[in-house]
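Below, chain A partners chain B and then partners chain C, in two separate complexes.
Up next is the complex of A and B:
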């Protein structure tokens, strides 16, 4: 039986108080919101914070502000995000991505901010302590070597968040608050391609809100590959957002890949589509371009060569859906999502 | 509720939990999950201890009406929240329609996933009295069962939904 380790628990009543505790406790403190990512990691001793700073009683983190664009509190649960009509109507990729995270129970618990900060995953890391000790641990936690690529200078654990690719495609920002001040950065700038230090968020910063721009004229979608259609981390995520002129000419397009690197990848495939129509040829070219950006490794589920091969197909599903093709049967078959 | 300050780790937490409509004073180590407190400190062993990592759904309970995983819920965060477990479902010797249907239709075989599955189904029926089979599958997709192949579970929930609707109709 895996017990949680001892920790100090504190429940601040405001963002300022939480930021103050983080500043005082340093790297030994971690934030907890839904707990669905952190608590399993603590049980396996992958993360052992001396202090847990709970965001449960902090007011304002579930606020939804609908004005020019949409601002979502980072403490909204994923199911609360899924059930917001404003998200489904204008930011379909986020609705679909949040709706495919884990299982209904976990979506009732896990938060939007937590999914953005989701720990990277790897077959050599997401194991219990005895298993990891038997291989002398790994570069991500307590060890020296990356067992996926033993000559690698950096950890190759995989970014496994579903909402980040969607939010990058949608051009969203996040607000980070610390005792020293606050800043707003693009979701794309929240990540760096290092499985161990995968966030540019500092340990004393609290991700409080996600702001989405006004996207009138855009269409977006999210497609997810996983072993079980009901309940798994992604082994490929494709988010696409496209703005077209009334005649169907693409004015802007962003295609983002998840789970094929240590960070979500904003590909150059979107640029290829600009100025043309979403023809089968253009979609195939975008799929090929996106495939070249995907760098899956043999540290997650299913065959890595196949996972790279299907990038093009998934980009195709996403773009054809945005074009207006009826992809509902394919969506139901692959993702069990209506 | 009293919890540890930032300066020191508190060895015990004393608080009042509301379980199945009853206020219960309990004292436990602050690292304990709700699952551990229910089973070890309150003797409510109906809620099952499965994967411990949020992957199986065996430990699902209702908190403020929502199906959540008790293995990933810190007990210190449960003050003032209404917790419902499988023990609270039957009224005396009268089984809940879900319990009857699971028993009659083979929705429960080895029984280990059953408390989590039944509580998840209860949350669904409380909100949606007439769910489609597709909707039942979606709502129950976090509850892993290695015996039934799921078909009997979906049938059980459908039958229970019908019984609940009939009971509702007779009552009004």
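Up next is the complex of A and C:
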């Protein structure tokens, strides 16, 4: 079996204390919550932090505040998020996205904040140290070259979080706290299109909470594509949120793609829908627009051209579901769950 | 009592065989107490790790281990220099044949490394961290050579050559040049040219399959302790501890009696644990370090350097008359053997058409070396690959002729007395009964939804017997301890053996405690492979039980002072023979056992057999699929596996075997494959990227057990573990063809491939 490297373990009792440790330890320290992403990576020596700062004993990170909108502590496990009625009722896309991350065991450990900060993935990166040494490492970790696109100036690893596309579609913000202060930014602004530096979060910042706006009048959904009905990372995620007038005219729409780039992509397809009805033609046009935004590469499961091809179908599934079509049979067939 | 090779089937009323008691190993497994390979430890043990080749093909110019040996905590370093070279010498290992010249080179590279993951050196150190650090200090100077991964590419004249001295066996005259074609086999019967000339319709197709791994959950793990007097003890997760002992003795030039192998609980094998990997290295490291050495593979090592089964390329040609009679059948199978010769192409060739009663057949099998790990047996080795091709072609032929697929098979079905093209005539078999049971199943007639498709395919496997031993000790309180020499490869054979012994002795099932003996407690047992566990192992257990009963009767005859023939054994008691003049008070097993010391000593039964007369098994599978036309994703909606098992000793575990085989077949058909990059490096050596099916991808798999007793087993057992993996590949391809009107010739049927075919068909249709 593969074993963890040595590290120092800190278990602060408050956000302030955790922020203080992070500030003092600098880039050698990393935060750990559920550990479902970080610990396997550490075993493969993709990350070898000298210090792990655990958030497990920090109070308040599991708080749920239900006011105007909903604020979720970043330390809630994915299953806790799935089981919150407030999430299921008003933010269905998040409920569905959190419920499809990995497998039940991992959802019992993995947290909402952890899934948002999930490391980007690549066939040339998610390998053990010896394997990576055999290819002289890669741009994301210890190497010079991106083996997916050898002329690329940046790392092309894939954003594989399920909850981020959903939260971007839902217009959520995240709170980032450091020893120097705190700030709140849109989830969309948490990411940048670089597989190595995929977060705008600074190393000394702690993602403490996710706040969702009041979305009365909106409907949302998340569709995940993967080879098997459980356990696999997404090879495509489509999150959609739409607000319609009583006559069905689209007032607002956001369509977000996951796993087809180094960051979740808020597409321009939503804008196309504004002012019209969710007709088959409008849905097809939105699918086409979203497809043009997808940039899958040959570094994850299944053929990359196919992964681009199916974007349109998935956007269609999502929008037809929001329109009120009964998509349960398709959902069951594609995602093996409702 | 004298038993030459076994006992014949006798129909009789049974009390225990056919029921479903809990398995003797069950509680330990669900409580986590069961001890698998990695759970065994000894005081003072070292951890052994292997340095593996990072290249697909390279000549080893030099190996410098001095820096590693000098690292504090490192107690031994070994490489090719620590093992004797071996001459060509063949031996049986499961269903495949091994050659010690190659085994020693696969265990530790000598002149060249031949695949990514090939062992080059090994170290033993006081901790795993030190052992890993030591591996990094070993300097290997490689001359990188061009490599070849694909079986057809490997057969081209300009292909990189793995073995410079490999001249194709089986062709006359011997080829002038060496090649990657290690061996060519041919099986023929009748006149295929005349057969095709008599055909009204011909179907000719080519098929390919990808290598897939056995995917057992427990990685290989062993612990070796070599003592100063030259004796070695080995604990390992294996399907054949006696064969491992023999191979280690040969490779390490030791006497067989000086090695004792204790098999641990095994977390799956499926043929992948028929072969030694780390075992001789662990003994050699222990010999050099004077400490016990434990070696546990990582999952990545399992993928890179053990298993898998062959990728294959199969050409099939079938001819049939208008009324559905097959007049001729030919096939050419080319199998990847991996780095060394010895793929499953031989059994695959023999299985290809042996579901049908054919006059004119020719099958050619090519065993091809490529820069991949040496293949191992995998559940009915090779047969699923051959059946994927042949059963797809059969389906296409049936459709062309307008005959229902089961009817077409029934017209041509093999039956008792069918002459096979590879040798024997088939004895009593249940293929027709299996097909008829499938046809009678409600699934066969259930209405299909729109866009759904149903497929049928069938499978045949020989099943085997071979050397088997058992000992049954009658304890003082009338319970019995059964020592068996076949491994319970997790299918529940301990339960089945104990059930047969309890049935024979006439005592409750839980009074028989089965135990798998180490290599010092019993005579030689062949590997538990070829579905022989419950057939051959069961035979030995029954023979041992009857041997013990003879002795029990003899004791009672002496105690009661009656002739032996006046004593019968019935329901756990010695009773007077009906109508005998010499009546006496019956004695229970416990009463006899309690007096054993005073009446001649402990009582035990033994069996040392070479079991013959294995009964071939046949399966017929029905599957419904739905294809998502927008993504190409295939969903299995319903699955029914029908199989003749001879006799199900423990029906629940037989059903489990059928279901497990189907699941592995579904993975092979839809998802699983080894992915290599351009440099011949395995890109998906882990369960996250090598995708075996998970529960959410599978329907409940319905099973129908057909029981056409094997006449050569006292309870009619045939064996059941391998047949169920044979049919799924073709059954699913046939179902997809019925759903889409598109036939797939290459596995896996992954969504991109399916969607592309759907799009191409739509484009062709719109043009037309």
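As a working rule, the second predicted complex is superposed on the first by the 338 of 338 C-alpha atoms of A that agree within 3 Å, B and C clash if a C-alpha of one lies under 4 Å from a C-alpha of the other, contacts with A are read in each partner's own complex, and residues count from 1 in each chain.
One rule holds for everything that comes next: a contact is a pair of C-beta atoms (placed from the backbone, for glycine too) under 8 Å apart; a residue touches a chain by one contact, two chains touch by 3 or more.
Quantities reported herein were computed from a predicted structural model and do not represent experimental measurements.
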- [ ] For A:3, select first, second, both or neither according to whether it touches chain B, chain C, the two together, or no partner.
- [x] both
Just to be sure I read the superposition right, which of the two partners does A:306 touch: chain B = first, chain C = second, or both, or neither?
second
Report task. Identify the partner contact of A:135: answer first if only chain B is touched, second if only chain C is, both if each is, neither if none is. Result -> second
Give one of first, second, both or neither to describe whether A:231 is in contact with chain B, with chain C, with both, or with none.
-> both
Chain B and chain C footprints on chain A meet at residues 1-3, 230-231, 336
The answer for chain C against chain A in the complex is residues 38, 52, 54-55, 116, 128-129, 219, 296, 298, 300, 626, 628, 630-633, 635, 671, 679, 681, 683-685, 688-689, 691, 693-697, 750-753, 755-756
Chain A residues touching chain B in their complex are 1-11, 21, 24-25, 32, 35-36, 39-40, 43-44, 51-52, 54, 56, 102-106, 108-109, 230-231, 336, 338
Seen from chain A, its contact residues with chain C in the complex are 1-3, 123, 126-128, 130-131, 133-135, 225, 227-233, 301-303, 305-307, 309-310, 313-314, 316, 330, 333-334, 336-337
Chain A partner, complex, touching residues on chain B are 3-10, 29-33, 36, 49, 52-55, 57, 60, 66-69, 72-74, 76-77, 120, 134, 138-139, 141-142
